[in-house]
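Pasting a structure here, questions to come.
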Amino acid sequence: MSVNENTHQDEDRGFQSGMPNSVLHIDDVHKSFAGLHALSDVDLDVREGETHAIIGPNGAGKSTLLNVCVGRLKPDRGAVVFDGEVLTGKSPHEINQLGVARVFQTPEVFPDLTVLENVMVPALSNRDGHFTLNPFKRFSAERQLREEAEHVLESVGLTAQLTDLSSSMSRGDKRRLELAMGLIQKPRLLLLDEPTAGMARADTNATIDLLKQIKEGGMTKVIIEHDMHVVFSLADRISVLAGGRIIAQGTPEEIKVNPKVKEAYLGEEQV
Amino acid sequence: MEAIVLQVLNGLDKGSAYALIALGLTLIFGTLGVVNFAHGALFMIGAFCAVTLSRLLTLSHIVIDETQKDFLGNARKVEVPYIYDIFGEAAGNVIIDWAVPISIIVAIPVMMAIGVAIERGLIKHFYKRPHADQILVTFGLAIVLQEIIKYFYGANPIPTPAPDAFRGSFDFGAALGFDPNVIIYPYWRLVYFGFAAIIISAVFAFLQFTTFGMVVRAGMADRETVGLLGINIDRRFTIMFGLAAAVAGLAGVMYTPINSPNYHMGMDFLVLSFVVVVVGGMGSLVGAVLAGFLLGILESIASMGAVLAVLPGINQIILYLVAIIILLTRPRGLMGRAGVMED
Amino acid sequence: MLGLEKSDFRLLLLVIVLTLFAPFLLNPFPVDSTMAQFNAGYPDLMQRFVIFGIFAIGFNILFGLTGYLSFGHAAFLGAGSYAAIWMMKLLTMNVIPAIVLSIVVAGLFSLAVGFVSLRRSGIYFSILTLAFAQMSYSLAYSVLTPITGGETGLQPKIDDPRILDSVLAVGQQARANLFGLDMSTSHDLIVGGWAFTFNAGYYVAALLMVISFYISIRIFRSPFGLMLRAIKSNQNRLGYTGVSARPYTLAAFVISGMYAGLAGGLMVAMDTQAGAERMFWTASGEVVLMTILGGAGTLIGPVLGAGMIKYMENIVSKINSTVLEGWFAWMPEIIQDVVVAVVYPFVGKGWHLTLGLVFMLVVIFLPGGLMEGFRRISDRFFGGSRKTDNSTGGTTAPTAAE
């Protein structure tokens, strides 16, 4: 519904920035740590509704790129533009409020809150904005949000643990909770940092199925992933990052046959 | 001009105490990552080491002195310190007179032992707990230590004089070419300043030139890596805690002639020492020392009549004001490292 | 009921019943018995229980929920006291305007201090609040003497304007009142050997504490409260979910500052005096002790902690060696001497030592305070299978909820 309307608007904007349907535009981003170039001349466009995978060998700068997008790191040069808004220089909560959610690689949940509460925090932030002074409102009266949260938790398979403290969960369960925290916000853009790392094969497949379902909902996703099985099951387009530069971009089929990519991955994983 | 020189000098002794306490706080903080609210109590215990020793030295037994007669012609009962029995009266008197400086020798092992005991018995279990818990448990410890001292020594300040040789004052003004009798400075404060300078240099030299110190410095910068090298950093850190306790204790010992010690003197100094550490920059040893002297002098300049006429009451709040401004404009303090305790 | 869950409502009812019958409950020993010195049911102490209860409830909203450890909350209590006493000097001895102004002034003051202090977190925040409080204390003692009365503090004087009150008759003293009801009015009820005192001031303060407690439950159970707990749990992550932590912490800081102001105003309403010592940092430390002893982050814990410390301060501190000897008189003399010698340092003037030790033990072994202790005991006796419900609202100790 609202997603479709947005699609239409973004088409117009996308054309202005020179790329069809571009919703996230990374413009010539540079980042170095103590003289070491983590990212250089990175240009990237993510189209509305697509699942865009960023792959590359270890230390290629994938996580740095994601951190630049969500405001955790400030680029030395260049800018990140989301839907016509410049994200660079904005604080993390402002970026999230614009509709960009991030799923962390190492689960960063609220350990002292229950699983349900963990999901309610982003749900409330989505509805009420970055700050609402409502000390007399009853949390228990938030039935609608609660149902939504329970629904999302059901989709990641955490229904049985709603009232458990998240600190008592296994690492794999925490990753699923992370995913639920991202999904509950129905973000326009979801950034996933290795969502299946460390998961068993069955769980990985379940996560792939889940992400495929959301794809049908029209959410734009950027996914960083090591597991090529995941990448080729999900991605519409792939960008390959090596040594802080984008060395190739294209559909999965194009990437598979790209000689540069093979070179970058030589000795690493089998494509 | 004279007035300013005088105030700078006056600031030195307080500044020395701040610097010594802040140095110890920073050592603990930089090595163990623990905010030690009991550090002021260690300073106080140091002071009471001096009190205890001077009491022990004057411990007396009663002797019937046939040479002295009271008005009835009976022999007088005289209290004779045991120390006379050992060293004779003349030497005994010198020893009693020098009780405070002698206490240094006693205080070093005592304070080291207390420090090591605290680290092994208590602090060790709090490395992985939140900083708030560390603050709270050391705050509790400070109360306990304070109350123990209060139980044994009472609540009133106990005058503990400097040796006779250092009583009286030195006419600094005359020495510097100003009018005599304008800048008068008690000898003991000079001694205190010199003592502080020696201790501070010794700590720095120790950290700079010994292997032990190098490992500790490396550990301060990156504990995990040093741990990976197979060096037992924990044991060294325990010793560092003992060392920091000894520094605080010595600062306390030598401070007794300046201010008669009482059981809550540690807390009074602690609050200001935190201010000093924050201004100097958490985790920076040089910063702590510099800020200690700087704030000591600043405080005493702020209490000059001319300054007070313009800004009444400024002497009461100057340190806090500086701390607030520094924390807000230079969150890392004068010389602090990035990322220290910023979570 | 009243917008509360059943278990919370029961807790509120319990608090109401306890405060209502406190004069009975705190005086369980007949006046003539040797145990009478443990009776805490006299107006002055009962007032302190509820006033410090309010202070701790408020502090808990900041520390218990967000984890921000303020070492300067006494400054707001002191500011509230000064505001209240000035209202009594200038306007009327009726306590209502005094209390209202004390909340407003403390709220504004905490807004200013919080705005600056909350730019930093962790240990830096603690030191900033400590610095602000010590600064306020020093200023109140020195430069601000015209406003604060300096060392002597402030009391109502015969020649104060008090524009709303009628002129005092000769020899009459200005007394704090609620529309004519003198705060110091007491009614003694004597039943057999027992005496119970019902004091007007106590009940005014108790009513306000019940209201404060109710508000704090509502805050704990609101989405706002959830955000505060999320800040404590993982402030960094909160930003990436689109929540800005700063306004939430500031709101919590101001709310707890207003609670402190209310407590300060109530103190003035009871004893009609204000002094700088109420702002000293040890007073800030005391509310930290209360909150943690009772159980930071629990609803009722801080009130218990406040009660415990005030009881120790006023009752345990009165146990001297004669009393101890009386207790252990049944023992053989040598054993008696030993026991008295061992116990003596911990009671009477040494009560602080006991407090420090208990506090350390709680921090080391019971991070959730007395409330966690109770929960562990009840788990042991009634089986540890209870589910993690929300009834304790985010305790500090994760172990307790497993």
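All chains are identified by letter, namely A, B and C, in their written order; residue positions are counted from 1 within each chain.
The working rule: a residue touches a chain if its C-beta (ideal position, glycine included) is under 8 Å from a C-beta of that chain, and two chains touch if they have at least 3 such contacts.
Here the structure is a predicted model, which means the values were calculated and not measured.
A.B. asks: Centre to centre, using CA atoms, which chain is the farthest one from chain C?
C.D. replies: So the farthest one, by centre of C-alpha atoms, is A.
A.B. asks: Which chain is most central here if centres come from C-alpha coordinates alone?
C.D. replies: C
A.B. asks: In whole angstrom, what separates the CA-based centres of chain A and chain B?
C.D. replies: 54
A.B. asks: Distance from the CA centroid of chain B to that of chain C, rounded to the nearest Å?
C.D. replies: Each chain's C-alpha centroid was found; their separation is 35 Å.
A.B. asks: Could you grab the centroid distance between chain A and chain C? Build each centroid from C-alpha atoms only and quote it in angstrom.
C.D. replies: Between these chains, centre-to-centre, one finds 46 Å.
A.B. asks: Check each residue of chain A and list the ones that touch at least two other chains.
C.D. replies: Expected reply: no residues.
A.B. asks: Give me the residues of chain B that touch two or more other chains.
C.D. replies: none
A.B. asks: Which residue numbers or ranges of chain C touch two or more of the other chains?
C.D. replies: 236
A.B. asks: Which positions of chain C touch chain B when the two form their complex?
C.D. replies: Residue list for chain C touching chain B: 67, 69, 116, 119-124, 126-128, 130-132, 134-135, 138-139, 141-144, 236, 281-282, 285, 288, 292, 345, 350, 352-353, 355-357, 359-360, 363-364, 367.
A.B. asks: Quick check: in the complex, which residue numbers of chain A touch chain C?
C.D. replies: 70, 91-93, 96-97, 101-102, 104, 108-114, 117, 120-122, 124-126, 128-140, 142, 163-165, 167-168, 181, 185
A.B. asks: Please name which positions on chain B make contact with chain C in the complex.
C.D. replies: Going through chain B, the ones touching chain C are 35, 122, 125, 129-133, 135-137, 139-144, 146-148, 150-151, 267, 271, 274-275, 278, 282, 312-313, 316-317, 320-321, 323-324, 327-328, 331, 341-343.
A.B. asks: Any idea which chain C residues touch chain A in the complex?
C.D. replies: Against chain A, chain C makes touches at 3, 5, 215, 218-219, 221-227, 229-230, 232-234, 236-244, 247-248, 251, 255, 387-389, 394, 396, 398, 401-402.
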